[in-house]
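What follows is a group of structures, each given as structure tokens.
Two complexes, one shared chain (chain A), two partners (chain B, chain C).
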Partner chain A sequence: MTVWNSAQRLRDERIRAGAAYAQGKRVAKADATALLEAVIRPGDRVCLEGDNQKQADLLASALAAVDKNRIHDLHMVQSGVVLPEHLDLFELGIARRLDYAYSGPQSQRIAKLLFGGKIELGAVHTYLELFARYYVDLTPQVALIAAVSADREGNLYTGPNTEDTPAIVEATAFKDGIVIAQVNEIVDKLPRVDIPGDWVNFVIESGKPFYVEPLFTRDPGAITETQILTAMLAIKGIYAPYGVQRLNHGIGFNTAAIELLLPTYGERLGLKGKVASHWALNPHPTLIPAIESGWVQQIHSFGSEVGMDAYIQARPDVFFTGPDGSLRSNRAMSQTAGLYACDMFIGSTLQIDLHGNSSTVTADRVAGFGGAPNMGSDARGRRHPSQPWLLAGKEADPDSPAPLRRGRKLVVQIGETFGEKNAPMFVEQLDALKLASKLDLELAPVMVYGDDVTHIVTEEGIANLLLCRSNDEREHAIRGVAGYTDVGRARDKKLVQQLRERGVIRRPEDLGIDPLDADRRWLAARSIKDLVQWSGHLYAPPSKFRNW
Partner chain B sequence: METLNYRNKAQQRAKGTRRQAIVGVVASGNLEVLVERILPDGECEVDIRTAAEGFGEVWQAVIADFVERRSPGGLKLSINDGGARPDTVALRLAQAVSAMEGERT
Partner chain C sequence: MSTVTLDNAKVERQPLVSTDSWYEASARQRVEGLLDANSFVEFIGPEMREISPHLALFDLPEQFDDGMVVGLGRIDGAPVLVAAQEGRFMGGAFGEVHGAKLKGLLRAARDMASMPVLILFDTGGVRLQEANAGELAIAEIMRALMEARFAGVPVVGLVGGRSGCYGGGGLIAGSCSALAVSEQGRISVSGPEVIETNRGVEEFDSKDRALVWRTMGGKHRRLIGGAEVFADDTIESFRNAARYLIELAPAPTLDTLEAEQARLAQRIHDFGDCADALDIWRSLGASEPETIPALSYEAFVALADRLQEPRHDAR
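And now, the complex of A and B:
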């Protein structure tokens, strides 16, 4: 006879085995590893919650301490590989296969483990793509998650860093998986319920806050004149003519410079209220001056940012907040917002090739992408019109009848022609290709595909790829803003000049911008301390950013 | 430490009357430029002491563009480079000429 509930039976067995260590749902911190050994089976798909921000750090150490004779060959399906323990699992032989999205701080070590054959790589995903697979072919058998507090029934309060938790728990709990939460404390009454208790099987009180990486904090003191120049170019050459109101900014100093120039340079150009009013964005501290100056109407966030919670709580008209007053973030929803409801993504990268493909993977770093491939792609399922989307579509395809013409999302790559350690941003061939051949991957880890990129901004100017009509034009539009890199110096000057005459390439002087005018006086805040003052002392920066 | 020297023909004499100016700072990723009005009107000389070796071709390209765009005739520019990127070099050179024109200091 066919058995239709084998997964349910297995779930019940796992719960019974784990219950030996629990009082109700509560398990002592000292029993965390024993609980995991009881509940997890070899070969399980496990989601160890960690993204680019919050980390289930206690559960990560507990999992790294299991007996590998009992628990091995795990398939980790998690968005962030951020803590050392995440990779210890592979080094120790507890886990074997990995599907992930982002690995910033561990990018060098993950490259070594990949080359050394310790990690069997599924794919480097975008967040939304990995979440989607949680519901199709990568559903976790066990999810190890983090929240601020729990009550006796296992209801969870995530605080401002809700992030990935709803997406992970929904997939696990409703497909007969086990959900184990670490919480800072167990309380009688929660400020609000972010995850209902009957979706949660076990709760461990950690006694201290889970770790959060302050990934989105950029010190205005480190912003260079060249970055300010690229910000001026972007604001005057893209935000203004397209009228971009709904957008997402990637992480980096160029976009931080844009945020700090909105209330100064943007104001001078008369753009207040016309651009940058609705955002899918983490609470970037560098956006505080624009918020305080009345530029920003609404922000939905993927996660929170260390030190921003009190400020957010005091600005509920701008942010999404719960009945308790604090931020409710949600990575899956915000990624969806960035994909479908934003007209522009602008962000940095490490390498761009002659087709416009870009990647943050270099020879010895496999950083992953986070949200950029999702935000930085044209949503083919989009059906609602907006001015920037229609205008970009028209530039790409002037001949089709307007009612049948797809619009285009503006996907902008911004950066200096040379990055850290004088590494050129423009290359003939992406390091990602070398990595793919070395690891025998079917797909090179490309962050943003060239056919999605609409503009490239460097200190040399803006290349509008929407206006290119052939591969040759496209290549020269890219060479034409590639500065003194090998790629830039190999340009055909005549062809570049023709592209400039057609407005495909625009130099600072073509936009009425004097590079000598690009100085730090334009920054609405020139230090972290200035940001604190702008916030009315509500922003409390983490100690590593305090230098006064 | 590498030293490089470039002499170019300039189309026009640099504007202004200032004899000398200094822009930038000697720091990692930055550079200091001492500019002096001591050459004949049609000449420009750039003298470079750099911590980063092997970038001669890039310097040459940056300086050729600089001379073409800014026409710094009569100027000698002496650079103390701390491994600045080309965009920073181009910016400092432009600032140096601008300082000699007397618009900025």
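And now, the complex of A and C:
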């Protein structure tokens, strides 16, 4: 006889085993490791919640403390490899296989463990791609998640940093998996219910807030004049002519400069209300002046940002907030919004090759992707028109009949020709290729593929790749804005001049921008303290960003 | 007692971002804004290309003024000698030429004994690539500074730049007749990273910027008497402070030095056991010391004047 409910039976068995440590759903902090040893089986697919922002840190330490004779060969399926414990699991032999999306601070150690064979790598994904696989072939058997608070029934308030939790819990709970939540505190009445209690099996009170990294805070004090110049070029040369209203920004200083120039330089160009009004974006503190100046109508966020919660709560017309007033972020939804509903992605990168492929990987670091490849790619399934999308499509393919022509998302890479530590942004070959051959990967970790990139902005000008008609033109459009890097110096001057005459390359002077005008006085805020003032003292920056 | 008053209350504040921020300005913008219009005459200007003889050895870029602007100008018509460090060139660090320009200015001030000197500090200390020359320069500058003061010349330090006032810069600042500092300014000898490297992160977490500022920043220096005037982050406010301190600068008599010694001994006695600036502020009588870092300029000046009157009989 075929058994159709083996997974349900296994789930019930796991719950019974875990119940030995629980009162109702509640498990004492001291019993966390014992609970995990009772519930998890060798070889399980486990999602240990953590991304580039929030971390289920208590559960990460508890899992790293299990007896590896009982629990081993786990297959970790999780957004972020960020905490040291995430990799301790592999070093200790508790986990063996890994599918993930992002690893910022652990990028060097993860590379070492990959070389050493301690980690069997499935793939490096984008967030949305990994969430998608939770529903097809990487469904977790156990999910270890983080929430702000729980009530007696196990209902959860995940609050401003809701982030990945709904996507993880939905996949786990409805496919007979076990959901274990760490919460800062257990309360009688939640501010609002983000996750219904009957999807949650066990709750552990940690007694302190789960860790959140302030990843999206950029200090205006560190923005350079070159970055301001690239911001002026982007606003005048891309935002204005395409009329980009719906967009996503990366996290670098160049885009922070754009955010701070909207209420000053953008205002001067008369762009208020015409560009940058609808966003898929984390609550960047550097967007506060633009919000306060009435530029921004709506922002949906992947996560929250440390110190921004009170400000967000006071601006519900702009942000997505619950009936309790606090932000509800959702990474899966915001990534979908960035893919399908935004007309532009603009972000910085570390390396760009002659095809326009870009990567943030260096030879000894595997940083992962996060969300950028998803934001920074054309959505082939998109069907709704908009002015920037249609215009970009027309530039790329002027000859097709308009009703049959696909539009294009604007995918803009912005940076200085020489980046941090004077490393050239333009290279003949990406370090990602070296890494791929060293690790024997089938795919090199490319952040944004060249055929998705539409524009490259540097202090030398803008290269519009949509207007290139051959590989040679494309290569020289890139060389033409690569300045004094080796790639830039190897350009054919005549060809670059021709491209400039056709508007494929536009120098600052072609756009009526004098580089000497790129001055920090354009910044609507020049320090974190200015941002605090703009926010009416609602923004409370973390200590490491204060200079007072 | 002099009748000079500090009239920063008159300075109109831009609501959000001031356009004449001292912190944001370059050394030359500060000098230009500080002095009467068109009154500045530069000595050994960039056109003379007195560059560092050492940096080329390290394949490092030079600057034609070596990051130090010195010259003569006027404030309200009265002549002053001015030296300004460019914090954006090598962190305003002291090298051979950089230091020699300041030393020369101070010796000229001593010999003329008729014009006050303003030093616009913006420095991380001595330039590592020319450490011996830089250290010697610090010693020579301190000697020249004291000689100028004994000749009756007020030497006033203004601190509010990006690089703060660290290392030998902190020692020179300590030798001045008087100091004005803004919230952004920091005055110390060992910098946060140096302390952390030598004593460990438990002793001092250099990444905890709020800790750095409440330990070395302008508000703390004003509260413990390390600086006489707390300036707003505007060129106008520093100009007012300079005017005021030139008038009040005490001559370095034996009485002054003894008063200074007594002041410092009292400070150690009062605060020696405090583990954190917050404890010091509390024992000074601040009822909510944790709110001090966020106080506006006006509110802080009022509080500081209530907690601890600036003294002008020491230094």
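FYI, the second predicted complex is superposed on the first by the 548 of 548 C-alpha atoms of A that agree within 3 Å, B and C clash if a C-alpha of one lies under 4 Å from a C-alpha of the other, contacts with A are read in each partner's own complex, and residues count from 1 in each chain.
Following the convention adopted for this analysis, contacts are C-beta pairs under 8 Å (C-beta built on N, C-alpha and C of every residue); 3 or more make two chains touch, one makes a residue touch a chain.
In this text, all values refer to a predicted model and were calculated from it rather than measured experimentally.
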**Asked** Sharing chain A, do chain B and chain C clash or fit in the superposition?
**Response** clash
**Message:** Looking at A:483 after the superposition, I want to know if it touches chain B, chain C, both of them or none. Which is it: first, second, both, neither?
**Reply:** first
**Request:** Considering only touches as defined above, state whether A:516 meets chain B (first), chain C (second), both or neither.
**Result:** first
**Asked** Looking at the overlay, does A:169 come into contact with chain B only (first), chain C only (second), both, or neither?
**Response** neither
**Item:** Partner chain in contact with A:533 - chain B first, chain C second, else both or neither
**Value:** second
**Request:** Scan A:224 for contacts with chain B and chain C and give back first, second, both or neither.
**Result:** first
**Request:** Of the two partners chain B and chain C, indicate the one touching more residues belonging to chain A.
**Result:** C
**Prompt:** Counting only touches as set out at the top, which of chain B and chain C does A:418 meet: first, second, both, neither?
**Reply:** first
**Item:** First (chain B), second (chain C), both or neither touched by A:545
**Value:** second
**Superposed model, chain C segment overlapping chain B, candidates 7-15, 25-33, 61-69 or 169-177** = 61-69
**Fill in**
Touching chain B in the complex, chain A uses residues 224-226, 416-418, 422, 459, 483-484, 489, 515-516, 518
**Message:** Touching residues of chain A toward chain C in the complex: what are they?
**Reply:** 221, 289, 520-521, 523-527, 530, 532-534, 537, 543-548
**Message:** Quick check: in the complex, which residue numbers of chain C touch chain A?
**Reply:** 16-17, 19, 21, 23-24, 162, 183-184, 207-213, 217, 219, 293-294
**Message:** Can you tell me which positions in chain B touch chain A when the two form their complex?
**Reply:** 52, 55, 57-58, 61-62, 83, 85-88, 91, 94-95, 98, 104
